[in-house]
Amino acid sequence: MILATVTGNFWATKKCESLRGQIFLEVSFDGRKAVAADLVGAGIGDRVLVTTGSAARAADPGLPCDAAIVAILDEKT
Amino acid sequence: MILATVTGNFWATKKCESLRGQIFLEVSFDGRKAVAADLVGAGIGDRVLVTTGSAARAADPGLPCDAAIVAILDEKT
Amino acid sequence: MILATVTGNFWATKKCESLRGQIFLEVSFDGRKAVAADLVGAGIGDRVLVTTGSAARAADPGLPCDAAIVAILDEKT
Amino acid sequence: MILATVTGNFWATKKCESLRGQIFLEVSFDGRKAVAADLVGAGIGDRVLVTTGSAARAADPGLPCDAAIVAILDEKT
Amino acid sequence: MILATVTGNFWATKKCESLRGQIFLEVSFDGRKAVAADLVGAGIGDRVLVTTGSAARAADPGLPCDAAIVAILDEKT
């Protein structure tokens, strides 16, 4: 999995029916941006763990999604 | 998923039988080009969300396709 | 899927039994070379559409293959 | 599979229920960092073999994980 | 699939039970190194075809492996 930072929201009115009801967030890592399904309630600025590929559909095989936020890193104190 | 821009059409008379009836579009991102199945009725110039890998076949497991346009971004106003 | 050009043949006498009877071709794209199963009868010099990952096995799940030529681009005239 | 070095721990209190009970470690390879499920009891500094993609879920298909440490390299003496 | 050269052996005493009995080899391509399951009896110096992703498990779905050597190229004479 990759470590990324949540950097934005993603809005799309026109989308596959199977994506409705799922929140997606923009994540950034290594100077690149991607969009991932949020499975843990992350917010902008959070450092998150993103799982990619078929693993992103482990909870819902019918979701046409290839990236999912599965954990929020604990802040180092 | 990756954010891309639709930059062209794709025409192929000679193709796998299982690809017939499916529209494919050329998409560009990070200076690269790829071809994706269009599941939402996108047009040239649209900013779209492209899902890759087996997720592109979530709706049709028999389609030999590794990229699909699953959403069109709302224009920022 | 990626757009590639067929640049060569691939010969291997010693191979997995499950690969026998399947034609493989060398394809080039973005300065790289790969080998893909030919599902459409492509020839050297053809511009082709290559699907990767598990999609390459959509027609034959038992084939240990991660890339397949699934269409030949129409020539622009 | 890729060869990597274990370089850190990974702590996340807020995560998918399906990830609970699984240890994850930070691994480094080719100047990049990733997070992988530890299936063999690796420790920081170990040279390990990391399997990626759906292979990381071979033992547990429901785990939303795309990388797993599956072996520790023997030290060369 | 990618063309690679076998460049070394891989030894690991501590590994997942499901990997026991399978030979793994180090392969090199494009200046990178990886480790692949050997399904054809390849040796150091052989030019081989490596299949990646879930295709590497086509013969054994339970193997936590994401790369497999599936053919040895015929020498050009």
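By written order: A, B, C, D and E. Residues from 1 in each chain.
Basically, a contact is a pair of C-beta atoms (placed from the backbone, for glycine too) under 8 Å apart; a residue touches a chain by one contact, two chains touch by 3 or more.
For clarity, every value in this text was computed on a predicted model and none was experimentally measured.
In the contact between subunit B and subunit C, the residue numbers used by both copies make up under half of all numbers at that interface. Once the centre of each chain is set as its mean CA position, subunit A and subunit E turn out to be 32 Å apart. Subunit C and subunit E have CA centres that are 20 Å apart.
Of all residues in subunit E, those that touch two or more other chains are 53-54, 56. Order of chains around the touching ring, counted from subunit A in the direction of subunit B, is A, B, C, E, D. Partner subunit D is touched in their complex by these residues of subunit A: 1-3, 30, 39-41, 49, 51-56, 58-59, 68, 70-74.
Residues of subunit B that touch subunit C in their complex: 10-16, 18-19, 24, 32-36, 53-54, 56-57, 61-67.
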